[in-house]
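Here come two complexes built around subunit A, the first alongside subunit B, the second alongside subunit C.
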Partner chain A sequence: MDSTNWISKKIALLGYHAVGKTSLISQFVEQKFPESYLSTIGLKVDKKTVELGDHRLELIIWDIAGQENMAHIPQYYLNGCGGFIYVIDVSRPSTYEDLKTKLHMIQSMVPGAEMVIAANKKDLLSESELEEVLSSCEIRPDISTSAKENDNVEDLFHMLASKLLAAHES
Partner chain B sequence: MLQVQSKKEAEGLLNELRSLLRFDNSEEKSEFIARIDSLQEEIRDEELFEEKIKPHFEKNIAYLQENFPDLFSKYLATAIKAQIRDSQDEIIDALYPIIGKLIAKYIRAEIDRISQRVDDRLEDPFANFRLRVKAFFSGVSYQEMLMREGALAILEEIFVIRKEDGLLMGHFSLNDVSHPDMIAGMLTGIKSFIEHAFEKTSQELETLEYESYTILIFNFKTFYFAAVEKGPIKSEFKEKLQNSIFAFCEKNDVITDQSLNKAVIDSLSLELKEHFYGFNQLDK
Partner chain C sequence: MNLDELKLSLIQPKTQVIVFGKDGPMLNSCQSMEDMSSFINSSLYDLDPLFKSMEPLIEGMHADSDPIFIPCVEFDFFGRKGFFDFQISVHPDYPELRAWLAVDNSSVYRYYQKIQQQRNELLMEKETRSKKVG
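Moving on to the complex of A and B:
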């Protein structure tokens, strides 16, 4: 592989506390689901390489502690982010209420960053309940996931990686 | 109502009643005794007794195990404090060999390191001569000069990190370090956090310390160097490192305004290796 096709990108996972950001990363990077909940303090950085065609994307993943108020996310953690995943918990309406305002706030902090919205914890709802939640969101999430059952986790990160690569090439 | 006609009749009735009562009492008594015997048997038979009480014990033990800290931590802390206060000498006697071994191990490792550097110095005839002359004129003994130079800090690894996003631009290490890019990210996160926590945006973090390691940070406008060193830092070491970093930047273009791909990172890492590989060798 041409080493110029091997690029590094910083991404961040954002959302309320306990929506499953760390679990999604853990499942994606280590193929493990942490059974006990440990709140992220401040920040944790992880890494995983994603292959997309003849490109290799080294994702440096910043797992930022959950915030109820997006304005409280430290700007310096978001600087230089190529993209971010906004995670909601489908079993907790407060995590996806007023989604438009929250995302607008984040986008103003990282202008030009690619975005994917993940509806996590789909294993807690039935198909019809999940559809009801997705339809009720102001902006429909791009993908529904379950970190616990490793459902759509890989696809979620690949979705963002594809967007990053497209932006990089354009 | 029962009518009693005579004393004899009354006595007869009483006797009958007594016999009835005696009969009932004895039946209850024998039942009672039988029950006691059975209980005594259960208690005497260890297996039977254990079988009866085992579930209760297990339940209580599980409860204690689960709630031990809540139930006893207060009393334990008090008891330990009292024990330490009352038996300081015994505790020191018990811990002394363990702590002593740890200290001895650490000192042995440090002496090995110093002795290795002294050996290196002795093998270099020119440096050896120069040190003897220096010792003669400075009034410090030659042996002390050798020891002082041996106890210098060692540069273990060096990172070049883009400030904006914390992405690794280049890295060189004397040891095999896994995931230098994650270290670069975390360092940037910690650095940013500290710099903003005290709202001193014009000032930048310069040093992080852990055990015998120090991370020296040299800030440039769009990137920074993080140098991990082991051992006691002296101003000469810091100055030498700083000069070496400046020389590196003069010789190589550290360009941050570009996409970081493997070719860019590998190229800068190779330049770092070439430049810093001999950094720890003693000055000639």
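Moving on to the complex of A and C:
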């Protein structure tokens, strides 16, 4: 694999407080689920390299403290961001209300950034309840995850990585 | 001890200044918080992903650029884990160099974290209650 197949991208996890952003990162990077909830303040940065075909993509992951109002995210947190994962908690309607408005706000702050919407905490709902929530969202989430049960976590980050790679190559 | 000396003695243990080249190599550092001598000449962009992701931004700074201020970063400062405020600015005498000021504000931010945590838990409780009532 030559160096031209090695790409580094900054991504961010965004969404309301306590939707599981930090847990998703922890599960993805360290294969650990934090036993108790500890609120993230400010930001924390992690990284993990994923392999996609003959490409290696280094994801530099900015874990940004939960915000109800996306306009309050400092612009410099998002500068240079290639993509973001917007996380909702399927058990808390407040985290997925007005999804369109929130995502438009973020997209205006990081124009051109790739996006994946993750419906987290799927372990708290039955299949039919989950489907009801997904259908009620203004924009249907791309993937349902459970950080707790390590369900679809790897796929979530790979989904964004694939989008980043496709954008990089186009 | 005059006031400036007193001020310095109070601030110094929680701050560190590191000078590095715009393309990454750490060139000089005070040793107020951590001894950095073993990292001299290592690239900051390779040492930490935060800096790696900010490489274009830092490299692109020029003499008139405003400093980059990043508050409340949960960070492992070369063995000292905590919450830091970072400021990266162009070296006043050498525009090709950057000065990284790190301030350890862990005690303040840990206090904020507790308050934030209580607030978040209350909000979630309230939402759960209203869902049950609804």
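Assume the second predicted complex is superposed on the first by the 170 of 170 C-alpha atoms of A that agree within 3 Å, B and C clash if a C-alpha of one lies under 4 Å from a C-alpha of the other, contacts with A are read in each partner's own complex, and residues count from 1 in each chain.
Assume a residue touches a chain if its C-beta (ideal position, glycine included) is under 8 Å from a C-beta of that chain, and two chains touch if they have at least 3 such contacts.
The structure displayed is predicted, hence computed values, not measured ones.
Peer 1: Based on the superposition on subunit A, does the combination of subunit B and subunit C result in a clash or a fit?
Peer 2: Here the two partners, once superposed via subunit A, clash with each other.
Peer 1: Name the contact category of A:K47: first (subunit B only), second (subunit C only), both, or neither.
Peer 2: So A:K47 meets both subunit B and subunit C here.
Peer 1: Scan A:K163 for contacts with subunit B and subunit C and give back first, second, both or neither.
Peer 2: Neither: A:K163 stays clear of subunit B and subunit C.
Peer 1: According to the stated criteria, A:Y76 is in contact with first (subunit B), second (subunit C), both, or neither; which is it?
Peer 2: Both: A:Y76 reaches subunit B and subunit C.
Peer 1: Quick one: is A:S39 in contact with subunit B, with subunit C, with both, or with neither? Answer first, second, both or neither.
Peer 2: second
Peer 1: Answer with first, second, both or neither: which of subunit B and subunit C does A:I7 touch in the superposed model?
Peer 2: After superposition on chain A, A:I7 lies in contact with subunit B alone.
Peer 1: Which parts of subunit A are touched by subunit B and by subunit C alike?
Peer 2: 8, 10, 42-47, 60, 62, 76, 79-80
Peer 1: State the interface residues of subunit B toward subunit A in the complex, per the touch definition above.
Peer 2: These residues of subunit B touch subunit A: 162, 164-168, 179, 181-182, 185-186, 189, 192-193, 195-196, 259-263, 265-266.
Peer 1: Going by the contact rule set out above, which residues of subunit A touch subunit C in the complex?
Peer 2: The touching residues are 8, 10, 17-18, 37-47, 60-62, 65-66, 76, 79-80, 92-94.
Peer 1: Along subunit C, where are the residues that touch subunit A in the complex?
Peer 2: Those residues of subunit C that touch subunit A are 48-50, 52-54, 56-57, 68-75, 83, 109, 112-113, 116-117, 120-121, 123-124, 127, 131.
Peer 1: Would you tell me which residues of subunit A are touching subunit B in their complex?
Peer 2: 3-8, 10, 42-47, 56, 58, 60, 62, 74, 76-77, 79-82, 168
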